[in-house]
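Structures for review follow.
Below are two complexes that have subunit A in common, paired first with subunit B and then with subunit C.
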Partner chain A sequence: MTKINLNRLDPQFKNRVAEQPGGEGLKACFACKACTAACPIQPLDKRYDPRKIIRMVLLGMKDQVLGSDFIWLCSSCYSCQEVCPQNVRFTEVMYAIKNLAAQEACIPPGLMAQRSLLRKHGRLYEVGEFENEKRLKFGLPPIIEHPEDFEKLLPDQSVGV
Partner chain B sequence: MKKDVLIVGGGITGLSLSWELSCLGINSILVEKAPFLGGHVSQFACKATETCQKCGACLLEDCLSKLAGAECSDILVNSTIDSFREASRKFNALILQRQSQVINEKCDDCGLCSKVCPVEGALLRPSLDSRLYISNNKCLKSLGIQCEACAQICPQGAIELAEKTKEIKIEASAVAVCTGFTPFDASRKPRLGYQRVPGVLTTLELDSLLRTGNFEPLLPADELKSVAFIQCVGSRDAKSGANYCSRICCGVSIRLARLLKNKYPQAESTIFYMDTQTFEREFDKTFGQAQNEMTFVRAMPAEIRSGEDGRPEVTYHGNDDTKQKVAFDLVILSIGIGPRDPDLPRSFPTLWNNRDGFIGSDDIDVSGGHPGIFVAGANQGPKSITDCVSQSILAASQIKKYLDRVKMGEQL
Partner chain C sequence: MEALLYLGCTVPIRNLNYEVSARLTAKALGITFRDLEEFSCCGFPLKSLNVEDTMVTAARNLALAEREDLDICALCNACAGTLNEVAHQIRTRPEIREKINQRLRPIGLHVEGKVRVRNFMRLLWEEIGVEGIRKAVTRPLEGIMLAPHYGCHYLKPSELNVGFDSSETPRTLSEMIGATGAEVVNYPSLLDCCGGGLLGMSEEVANAMAARKLVDVSKTGAHALVLVCPFCNVMYEGQQKKIAKSTGLDLKTPVVYYPQVLGLALGMTSEQLGFKLNRIKPASLLKIVEG
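On to the complex of A and B.
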C-alpha cells in the first residue's frame, strides 16, 4: 500500500477536474466498482483502475494523477460510462484529467511526437512519394498533405494553449 | 351509494386503511382494478425460517381476515373509476365494475381451461384466493381476437367471455389514493442478463415462486449450491431515473438468502452491494448476523452472461483487486420500487408531485395537495409493508380529523 502525504494533497483539485467539460459527474461516484469490473485496461495494468483514479482525484492527489503515465492508458471504449449507475461519465472525466495534465505540461513524449507529426503533416502518418506511387498503381488518387489547418490549431511547440 | 371515504387501490395500504377507518366508525368503499385483493404483497412468501424474519407478508392475510368481519367496509374488485366530479366538498365518482367471467358456482376446478388457453397468465389463480380469474389485459378475447377456447372446452359452462359491466355511483366526502408502486423493470438493464440469461430472476419472481410452491420443483434439492444477489437494480441509479434508495431490497435479499439456506442447506449466498441501508430498527443486528451467514461483496457486477456450463456468470471486481468471473446456480436481481401512475380520470384533482415521479407529500404527511384527497402507501415513496400499514393508520386519523371538520362546517 502506498503512503499518502497529506501535506502534498491539493483540496481544490477535485473542483478543478469537476469544472472541466465532462468532469461534472465526478463527485456523484459511490465507488461501486462496476466501472473497474467493466474496464478492459485494468486487468492489463493494475494502476489504471477507474474507481481508484476517482478516489485519487477526490482526495486531491494532483501530482500522482497528472504526473502519472497511466492516465494515458484509457482506450476510450466507454464501457465504464455504460455500466455506471450514477452517471459519472468516467470516460469524459478521463478527458478532463488529460486536458488538465496537458495544461500542466505533463504529456508523455510519445504523444508529443504525435503532436509534432500532426502539425507537420496534418496526419499521424507521413505520406511520401513511395505511398503515392503505390496508390497510383491501384488507381487511387494521390494524397496531398494539408498541414496548414493544423498549424493554426496547434500554434507552436508550447502546450495547453 | 353514499360513503364517507373512497379508497383507490386494494393493496396492503388500502386494505389496512379500510380496516382502520372501520375501527373509527367511518364508512369506506375500496375500489380495486385487479380481480383480486392484496396487490404486490399477495405475491410475497412468508420468509420465516426457524424464527419469524419479520418480513410483514402475513400482515395482508391478517388484514383481510379482520376486514371479513368489518361492517362498514365495502370492497369492489375488478373496478375502475370512470369519471370523477367534485361539488361542494363532495366527490362523485362513477365506478365501472367488470362482472366476473367465471361463474364460481358452476366451476368445478377441472383445469381444462388452463390447458387450452394459448396465453400464459391469462387464466389467473391468485394464491390468496382459490377462485379462477380471467386477466383482462392478457385474454385474447378482450384484446379483440376471436378466441373462446376456454369457454368452449368448459364442461360446466362456467366461463362467459362476453364482457358485462355494472355502473356504480358513489358519493364520498374524502378520497384516499393508495395505488402502490411499479417494480423496476430489470430488462432496462440488459447487461444484467434479465430475460436473456437463464437462471437470472428478480426478487419479486423468486418471492412469488416460493409463495406458490413452484420453486422447489424448478430445482432439485441438491442442485442449488450458490446464489448471487445483486443489490440496487433500479435504486440509487441516476441513469435509470431512480436516484433514491428503495429502502426494502437489502432486507428482502437477506431474508430470501436465509430462506433459501433453510430450504437448501448447502446453498451459499453471495450479496453484491454498494451500500447497505439500515432503515429498520433491528437492521444492524440483522446485518451483523447475516455477515456470518452469507458473503457480502462490495462491488457492483459489470455484466452477467451465460457461462460455458450454462449457468449465469457474474463479472465483478473482487476484494483482492482482480477481475473475477464466477458462475452461480441462480442470480437474483434485487429490484427497486418505482413510481406508478395512479390511473385516475382526468377530472380528478391534480395531486402533488413528489420527487422521482411519486405523488403526494415527500415526508410523512398523507395530504394529497387538495382538500379531502389523501395519498398513502408506496405511491408516495418506497416503503416496506410495515411502513405502509403504519402510514395507513396515520391516514385514517387524518381522514377522521378532516371529516369531523367538514361535519362541523369549518372553513378549510
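On to the complex of A and C.
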C-alpha cells in the first residue's frame, strides 16, 4: 500500500473541486461504494475506482489525482450517478476533476486536438468536397461549415497553458 | 409535426445510413424535418476540458433553434443528451443562463432555454407512438429477430427522461422494434455501456466493454443488433473485427440503425435505406425481408 504523506496534502483541493460546475455534490459522499459497484470500468481497470477517487479528493491528494492517467478512464455512462443515495452526481464530479486537471495542463493530447478542430471548423470533422459529394449520392443536403463564431466563443486561454 | 433536424458532427460524415433512413422514415410518418445550416458541434467533446465551454457551444445551437421557434430532434444520443441537459440548466439556473448569455453576446445570440430537445426515438415514441408505427407498417418483419441496444445517454441521467423511459427497465426501443413485426430478443447485458467514451484513452478497456454484449447477442441468434447512436456504432460495428481478433471469438453480428429496420417494415428498399454502408452485412435479415 502506498503511504500518504500528510505534509503534501492540499486541504483546499476538495473545495476547488466542489466549486467547479458539476462538483457541488462531492462532499455529500458517505463512502457506501454503490458507485464503484455500478461502475463498468472498475472491474476492467482497478485504478479507476469512483469511491477511492472521492476519498483521494476529500483527503487533498491533489497531485496524485490531477496528474494521474486514471481520471480520464470514465466512460460517462452515468451508472454511478444513478445509484448514488447521496446525490453526489459522480459523473459530473469527474468532469469537475478533469476540468481542474486541464487547468493545470494535465491533458491527454487527443482532447486538445479535438478542441483545435472545433475552434477551426465548428465541428469535429472537417467537411470538404469529398464528404459532400458522397452525401449528394445519397440525396442528402451538403454540410456547410460555419466556423466564424467559434474563435469568439472558445477563447484560446480557457484551457490550460 | 415539424422539427429541426440536428445532425451533429459524426452522423452526417460517417453514418449516412442512419441519416438517410431517419429522414425517409420520418417523412413517411408525417414528420417534417427542417435543416439549419448554422448548427455546429453540440459541445460534448469539450466537456472533459471545460464544462462551461460545452454549455456555450450547446447554447449556441439552442439559441439558433429558438430564433426559428422550433424544437430540436437529434440523431446522436450524446448530442441529444448534451443539448437537453444544457437547455435544462438554462431553464432552471438563472446564474448559468446569465453567464452563458454573456458569452453568447459577442456572436449576437441570446438563449432562454425555450426549445425542447428530443432524440429521434423519443420523437417517434411521443409523436407517432407504437400503435402509429404498427398501423403504418406495410411489410411486417416476420421471422426477424432483433436485439435492442439503447445506449447510456438515451436513458441517463434519468431526471432528463422523466415520462419517457426507465434507465433500469427500458422499453421504448424494444416496443418500437416490436411494432415493425420483428421479434425482440432479450439478453443479459442489455444495459451495458458500449465503452465508446474511452476508446481514445484505453482501447483495451473499451473493447472489453463492448465484447460482452457482442458475445451475448451472437449467442441469441439475433439477425442484428439495433442501435440509435453513432458512438455505440463505433464500438459494436467499427471495433467488432478487432475485438474478434484479440479475443479469438467468432463474432459476426450485423449492426443496424433503428430507422433502417423501420424503413424496411414501411416497404422501403435496402438500397434506399443505405444498407450498403453497413460494414457487417445483415445478409440473412435482408434475404428474409427482400427475398
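We adopt the following convention: the second predicted complex is superposed on the first by the 157 of 161 C-alpha atoms of A that agree within 3 Å, B and C clash if a C-alpha of one lies under 4 Å from a C-alpha of the other, contacts with A are read in each partner's own complex, and residues count from 1 in each chain.
Keep this in mind: a contact is a pair of C-beta atoms (placed from the backbone, for glycine too) under 8 Å apart; a residue touches a chain by one contact, two chains touch by 3 or more.
Small disclaimer: the values here were computed from a predicted structure and weren't measured.
Student: Once subunit A from each complex is brought into register, does subunit C clash with subunit B or fit beside it?
Tutor: fit
Student: With both complexes superposed on chain A, which partner does A:L44 reach: first (subunit B), second (subunit C), both or neither?
Tutor: second
Student: Which of the two partners, first being subunit B and second being subunit C, lies in contact with A:D149: first, second, both, or neither?
Tutor: A:D149 contacts subunit C only, not subunit B.
Student: With the two complexes overlaid on chain A, check the angle at subunit A between subunit B and subunit C, Cα centres, nearest 10°.
Tutor: 80
Student: One more residue to check, A:S79. First (subunit B), second (subunit C), both or neither?
Tutor: In the superposition, A:S79 touches subunit B and subunit C alike.
Student: Report for A:G110: first if it touches subunit B alone, second if subunit C alone, otherwise both or neither.
Tutor: second
Student: Does subunit A have more residues touched by subunit B or by subunit C?
Tutor: Answer, by number of touched residues of subunit A: C.
Student: One more residue to check, A:G22. First (subunit B), second (subunit C), both or neither?
Tutor: In the superposed model, A:G22 contacts subunit C only, not subunit B.
Student: Between subunit B and subunit C, what is the tightest CA to CA spacing in Å in the combined model?
Tutor: So the smallest C-alpha to C-alpha spacing between these two chains is 7 Å.
Student: Based on the A-chain superposition described above, do subunit B and subunit C contact any of the same residues on subunit A, and if so which?
Tutor: Residues 79, 82, which sit in both footprints.
Student: Of all residues in subunit A, which touch subunit B in the complex?
Tutor: 28, 30-38, 42-43, 46, 49, 51, 79, 82-87
Student: Okay, in this complex, where on subunit A does subunit C touch?
Tutor: 20-22, 40-41, 44-45, 69, 72-79, 81-82, 91, 95-96, 98-99, 102, 107-108, 110-112, 114-115, 118, 122-125, 127, 131, 134-135, 138-141, 143-144, 146-147, 149-150, 152-154, 158-159
Student: For the complex, which residues does subunit C have touching subunit A?
Tutor: 7, 9-10, 12-14, 16, 19-20, 23, 35, 37-38, 40-41, 45-53, 55-57, 60, 96, 103-104, 106-107, 152-153, 156-158, 167, 192-193, 195-198, 200-202, 205-206, 208-209, 274
Student: With touch defined as at the start, can you tell me which subunit B residues reach subunit A in the complex?
Tutor: Residues 191, 232, 236-240, 274-275, 298-303, 315-317, 321-323 of subunit B touch subunit A in their complex.
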